[in-house]
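Paired with subunit B in one complex and with subunit C in the other, subunit A is shared by the two complexes that follow.
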Partner chain A sequence: MTAQFAAKRLGKELQKINNSLPPGIELVSADNFEEWLLDIRVLDNNPLYRGHTYRLKFKFASSYPIEPPEVVFVKLADRLIPIHPHIYSNGIICLDLLSSQGWSPVQNVESVCMSLQSMLTGNTKDERPPGDEEFVRANRLRPKDIDFFYHDNNV
Partner chain B sequence: MIRKFFQFNWKRKAAEATISSSTILPNKRILASAGPESSVVAAAAPPTPVTTASNGMDSEDDFMSAVSSEDDILPDDDSDNDDMSDAEDFDFDDEPDPDLGMHKDISDSKKAPFDISFKVYQPSDIQRQQDELINEVNMILDISKEEAAILLRHFRWNKERLIEDYMDSPSRVLEAAGLSQTTAGPLKREVIPGFVCDICCNEEEGLQSFSIKCGHRYCVNCYSYYLSQKIAEEGEAARIQCPADGCSLIIDARSLEILVAPELKKRYHALLNQTYVEDKETLKWCPAPDCQNAIECPVKKKDLDKVVPTVACLCSHRFCFGCREDDHQPAPCELVKRWLKKCKDDSETANWISANTKECPKCNSTIEKNGGCNHMTCRKCKHEFCWMCMGLWSEHGTSWYNCNRFEEKSGLEARDAQAKSRVSLERYLHYYNRYANHSQSARLDKDIYHKTEKKMVQLQKESGMSWIEVQYLNSASQALQTCRQTLMWTYAFAFYLSRNNLTEIFEENQKDLEMAVEGLSEMFEKPVTELADAKLKVVIMDKTSYCNKRRIILLNDTADNLANG
Partner chain C sequence: MSRSALALKEEGNRHFQVKDYAGAEALYSKAIVADPKNPKLYTNRAMARLNMSLWENVIADCQECLKLAPETMKAHYYISQAALNLHDFGFALEHAFTAHKLCVSAGDKDKSMAHVTAQVLKCKKEQWDDRERRRKRETTELESEVLSLMERERNEAVGDMMDVNDGSRHEIEADWQHKIDALRDVFEKARSGNEKRRKVPDWAVDDISFGFMVDPVVTKTGKSYERGSLMEHLRRHPTDPLTREPLYMSELRPNINLKDACKEFLDENGWAADW
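Moving on to the complex of A and B:
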């Protein structure tokens, strides 16, 4: 299978995204079929995230959507990394959905954004994952190569 | 316990009767004691699980628990009759045999307590075992073979539990294993008008699509790409689920046949075999490179502190069934792990430093005193202090080069700590040096083995001996290597032993074996011309059998003591 496979699917997704996106999700750029940027914000009044917008970077391999995309939060002058017990301060997200085991090819960019949105909405803990500092300092791995231990699917 | 055993035996016989054609005895199965390569290890006794387990057990309680652990593994045993027929040798009563001591004596004579029974399976045997189990379940539960395979994998090949649970509640079992109850027609590629693939978003007319029983339908392209990714990239086989989010239905072998390329099918089946061996506690792969055999051994994980289950594969690799390390008799797995870690750690370096050095009281540089007087001047910070009491040198006043503050309390304590550390380090080094020495010698013995082969050829030419007549050199060299391996681990073992009478016996045995090994080793230094001498041949053969005997005595003794705690 070549990159064509991913391109075809991403083309269709882009078409749909350009037509309509759920509230709180905005496409920032999708110039190619390798890397897209999107903004998300929470819709309720969760004091942890209210008034903030967060930038997401999607990276697609040629095996997308069989394999999950690589999704991280990006830090910019006006975009912070949301505080969450499953989000490291370097933007890496520990979410079952984004691992090969939890991923389903039926998922797409929009559904991932919505999952992340609800992951933020549902959170009340003002904290980083345990061992965040050490992880951020020492990690040189790509998110997909990290063996996360999904011990808690409720947050 | 024993009643249950019988019941099971009967049940199985009944099952075999109904499906007699499907339970053909695999003819390639090799009994440990029958294999030519393994004859060194497995002595001359048949692999009798029950008698083995009872060896070295003195109390009735031990005996009972040994039988019960045997019993546990029997239900997931395959349908070979070897175990059965062997078990029948043993006289089963409802009461444990009061004459146990006598039994032990008898079995001792035919089988050593450190020897454990095992079987070697080749890839075709492994495949056949699975097929047999699948066929059985297929007949008994009236489900397709593919479904039977998935159920068996879900139950980790415990057929009895599967059948029991299935009889209780088929729907619950099917759901838990990732199977649906709906009986759809045969699965095939289909063209459905108006179909859009949710993965590639393709909506062309005439697009071929596929779904398993859950009805989540995707185009054939996406489906097969999904499967190939799972098989080739993620190494999954037994538990590949439907691509739909949250659908836990497992894709069966026949659906896979419809969808993927032939080379992937091969890989898929290889992976399935792998999960079969990995799922069963009584099966393990031979760790030798390129060896595809698996070994079956009834030793349980919880018994590993009492037995050292060394097994020998057909490829002649000898390894421990418990931890898959190279043969490490007589030391138990846990101890081996600790020993290897200890040797690898640089904790011993630290130990050495603490035993042989002190730190400058001012700048904390580590200093090794290699001679001279007690008046130390730190090379780094020029601090002057006394090596004895670590106090300032200037305070010593007139007592030049002689510390009279030595008997003070702080000084005493420091000295005690230092001495203790030194003793433990020396003890470790004593054992480590001997361990390392034998490990090194064992490597050299491998070279000797290759040289032996040459010598044997030479000897055949020069002395006119036949091939069979020079085999004594080969067996001598084999014995040498095995004994070295054992000796090596006796030292690691001894390091962890606490001092008592048994340790002294152990060390006597160790000494005897060591002397025997060195004596045999010496023989290999002799030139070929001398080897041809008939007298020397007898000497070598004697020494070989003596070495083997010493080794067996040592291992017997240790295994007995281990089993008794």
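Moving on to the complex of A and C:
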């Protein structure tokens, strides 16, 4: 599909998002159809994330929603990268749903945010992925081009 | 194709690519003189003329092409676009549908399905807008006509009462004013009734493009999608969008009941085409 279809679909997603979003998800900015920022927080009392808000950056290609958006956590003065065995300290997320293979065009910005919320909620491990330091230092690939090994989709 | 026609066409294509549409048109014209029986040359020239806003000429070229090759999807698609610009909505819609049908029978070979689907919706939307504009104008005209008739009646009635006492004249006057206000109210209510809450039902919306469905197809899971959107997805990943199980185009079935329901809704709510 071309940029015109991506823009049309994103326009409609934005309309919906402006009307209502599930609890714990907030739109920060969506000035164009290339990059949106959203904040998420967990809704339960998971001590790893309670009281924190996390910033997500969505980048859309002209092939969206046939291809997934690129989604990463962003670090700011008041926004940390959540600790999680599938989230690298540079904000890159290892989640099947966001890979070319695991993505489905019926997913959308809202459903991705909700998946990430539940990925955090369900986690009890206070750790980064194995090899985090090395990965953060050496990786030059875009998130979607990284060949993650989805060894454990339950985490 | 004769060698010179082929060379002229290719040179025309080069001009087209750098957006020199007039240059491309001239070269395609020469190619047509060299080889008047080649349908492709007509659609190429039509495409150049589409970009030059020469709507009537676009239609003429496409009709020439269709005489030589009646199944040319592009010719119908271009006619539809040109006709829309000429505000010939019924004609535009008819050719958009034919283009769509040809896309469906071409299956995976044709990648224009999404564009053609968008064109069908565009035709429907513009046709609806045009009807609405006309209806509004007619209503407004009717309203002012009826109002002036009533005002004339009132003036006559009041005129007849000139020599009667002021009290009953005021009564007659108030009586008429009440009727006139009531009539205005009726027209006002009719207007706002048309602007009432517009909501597109979820069942009519494709979960991939988020557009209104024109030609829904159903998968094994029982979920329906717009044909063009789903084909776009299956071309890259032959999996069911919901279950991720293998899914092939040959397994899709048209959802005729849903298609009819969508059509019926759209006929009565044309604004939804561009929801």
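Observations, loosely collected:
Methods note: the second predicted complex is superposed on the first by the 154 of 155 C-alpha atoms of A that agree within 3 Å, B and C clash if a C-alpha of one lies under 4 Å from a C-alpha of the other, contacts with A are read in each partner's own complex, and residues count from 1 in each chain.
We take it that a residue touches a chain if its C-beta (ideal position, glycine included) is under 8 Å from a C-beta of that chain, and two chains touch if they have at least 3 such contacts.
What you are looking at is a predicted structure, and each value in this text was computed from that prediction instead of being measured.
Taken together through their common subunit A, the two structures put subunit B and subunit C in a clash. Judged by the touch definition given at the top, the superposed model places A:G91 against neither subunit B nor subunit C. In the superposition on chain A, no contact is made by A:P69 with either subunit B or subunit C. Once chain A of one complex is fitted onto chain A of the other, the partner contacts of A:P105 extend to both subunit B and subunit C.
Shared-chain residue A:K8: touches subunit B and subunit C both.
Overlap of the subunit B and subunit C interfaces on subunit A comprises residues 1, 5, 8-9, 12-13, 65-67, 100, 104-106. Those residues of subunit A whose C-beta lies close enough to touch subunit B in the complex are 1, 5, 8-9, 12-13, 63, 65-67, 100, 104-107. Contact residues on subunit A toward subunit C in their complex (touch as defined above): 1, 5, 8-9, 12-13, 65-67, 100-102, 104-106. Subunit C contributes residues 114, 118, 207-211, 229, 232-233, 236-237, 239, 241-242, 244, 275 to its touches with subunit A in the complex. Here subunit B touches subunit A in the complex through residues 198-202, 218, 222, 225-226, 229, 233-234, 243-247, going by the rule given at the top.
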